[in-house]
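Letters A, B and C mark the chains as written, and numbering starts fresh at 1 in each.
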């Protein structure tokens, strides 16, 4: 189904330079877009693609309006990337069958769970007793929501997500591990999205909390009694250990690890593959990645790194010796 | 349902200082506990919370008995954390409906699988032919136990666990990968707990083994023919590559990786995010984490790290030069 | 069921030195093989096990034929490991019931999905509308293939795999995240194997692609619009961020991370736990692992590492000072 430029602008706003009847058949990246495609230019560094793109229409900021219109139709808007995001939503609504609310017959939902009538519980999901699923929330297939866990409105949980499995709690005792039953639950706010096969554990005592607007990618692990502030996003394979408190509007990169009981301030950005071992009190970007090199170079540097402390001591000694030499030199003999 | 202090001490032991009829309505952390709550003090560093807590009763060691009793009821026991663990178990038993043994009708269990009558196979589990599930073992929802895999007694497998998928075995041949069928299985002892979405692969030839009392957190990967000794625990997102042999009473931190074919002695503790590339023969704590810093500092240090070996060579050269200068200085001219 | 050496050689080729009627009851590693077992010697470093093994027959290269035959039966072939791989396939075929094609009654398959009649859709799988599953492909239990995703022939997807969940795409807007609907799909070639609980996300615009012969281990994350070239293999817990382009015949080690939008040439090997932060244009082995040490040594080195850049500056200063001293020394006073 094609959408006309007129329909798009009517739905989403923006200033159209071009024919309202032009038909858009696909959304595409600027570099590869062809006839019938709509693309966007959000960053000046892709500017040179504007001249060469075959896109029927390009979404641009006012700065590029003239250049864009010189080559064909364009939609002018202050934030093209945001406009494009909304356009994908319009596109999906126009091209996919409407979501059906209700519980798929293959799902296993406890009679004492509370499912909002507008929620969708997909195939082969499990919702245990006492769990609450909010309005317009979608559990895609094979999602588990365990006992007493609460999920807000307009959330989207992808296949394989597990909410409310036991946190990892054991008291060591005479060489064995004594189970600490996890008596808390999980509370998830509104507009939260959780990627495939991610896990959010229930609290030991008290709850694990994801605030409104949190976005988790796939295979993310959230330990018991973690708190994640609103609009914080975490990329794939990130892990947060128990009782960590992560602020609002943070980002955690793929494969990053936040150790237990730490606090991250609002607005902290953790790079991919970075392990946070201390609390971070100031917003900003934090990184700890071993630089990757050809294996032979890495090996030489890694071996040396195991003696780095001694190297520092040797530098200290050298400095003392050189200072002595310099001072002797300045002393008339 | 509240529990009286009398009932608690009757069930779990410990020396009660206070009224047996006091009712406990919740378990809570010392810092936030209020009236009706029971908390514990296990580490002297939280000592100052004892004076300020609103808890109705506190579990303490004999050392703190006097201070604890000065402010209200207390239970005195040599290991408050262990006592608390057992209390969570009592609490859960008193507050949750009894577990039902048997196979949920939505589970898919092969007629040639062996399920102990006291075991619980939850919703949407899959148990293949030849698999054995021991007494009082619980497979929560959506657990897979593949062909011929054996799970002992009193185990707990959380949602999404996969036991006995094929190990990752291929013989390279003329640019292609020839599948090595994984002919072994998985053998899991008693009292093992495995977290949500974790995987334990079947052996190539011979079995993958988790001994009694092993505890795995969520999203843990255990490769084929790995051996994990009894009472070893691994935190979330840890990964153990094929044929590694991990001793008893080890701990492996979150996101840590143990490479294939290595041996870890009993009592080895691997820090989070640490990659073990060689066998470890002595118990102790082992770590390899790139320190995290603000991004600008990290970048400078990381770039320098790529030349660390040369820095060492420069220090060597400096040392030689300084020694020469010193020796010249001492030589009468 | 035992297999005779005659039957094995008839099926797989190779030159048998020994009695065709000898019965093989098990495949086993050379070190532990006993009577009735067949083992292989693929690497000269295991040569000394040849003399001591109790194996009834050993698969060897021509170089070891004489030594192997001196101790009993042997099969001579140019590539024993490859021969062994094929033998495991023969073994499995002889010992396991034939795979049944068709859709398990507990699977939820959309009427508008296209399932080849020779494919096997296991228990509790979900296949959404528009998805295609090729000939002889096997979805073990609890696999999800979302809307419009295409899987080729002879693929094997292990339990818990999720194909075609939404990629992680959001446009930041006034402190919130605006969802970018993921309008692409996933296209998987022939002879692809994907391990338990791994995820391959659908593309944002355009598709995520795994070419023929790709092998992914467990808990691997493939982001949206990633391209993985043919016969590339990735070990457990590896993660590839969005729009990365990975060449053919690459290997990615366990827990390694490839950042988004990077390109890896054909034949690149990334070590375990290594984070690739830049494109790699030349085949070869690349590594970035923090060396693991006893915790006390690590701590000293890690602290020093946070000042590595300053150490370099101090070495520079020392070099300048030493040069000055040397030059003064050579200047007649």
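Here is the rule we go by: a residue touches a chain if its C-beta (ideal position, glycine included) is under 8 Å from a C-beta of that chain, and two chains touch if they have at least 3 such contacts.
Owing to the predicted nature of the structure, the values given are computational and were not obtained by experimental measurement.
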| item | value |
| --- | --- |
| Angle of rotation relating subunit A to subunit C [CA atoms, steps of 5 degrees] | 120 |
| Type of subunit A:subunit B copy interface by residue overlap (half), same or different | different |
| Subunit A-subunit B separation of Cα centroids, rounded to whole Å | 25 |
| Sequence positions of subunit B contacting 2 or more other chains | 106, 124, 142, 160, 197, 219, 237, 255, 289-291, 293, 303, 305, 307-308, 311, 315, 318, 322, 325 |
| Interfacial residue positions of subunit B with respect to subunit A in the complex | 26-29, 32, 79, 81-82, 84-86, 88-89, 91-92, 95-96, 104, 106, 122-124, 140-142, 156, 158-160, 193, 195-197, 213, 215, 217-219, 231, 233, 235-237, 249, 254-255, 272-273, 289-295, 298-299, 302-303, 305-309, 311-312, 315, 318-319, 322, 325-326, 329 |
| Subunit C residues touching subunit A - in the complex, by the definition given at the top | 106, 108, 124, 126, 142, 144, 146-147, 160, 162, 165-166, 168-171, 173, 175-183, 197, 199, 201, 204-206, 219, 221, 223, 237, 239, 241, 255, 257, 259, 270-271, 274-278, 284-291, 293, 297, 300-301, 303-305, 307-308, 311, 314-315, 318, 321-322, 325, 328 |
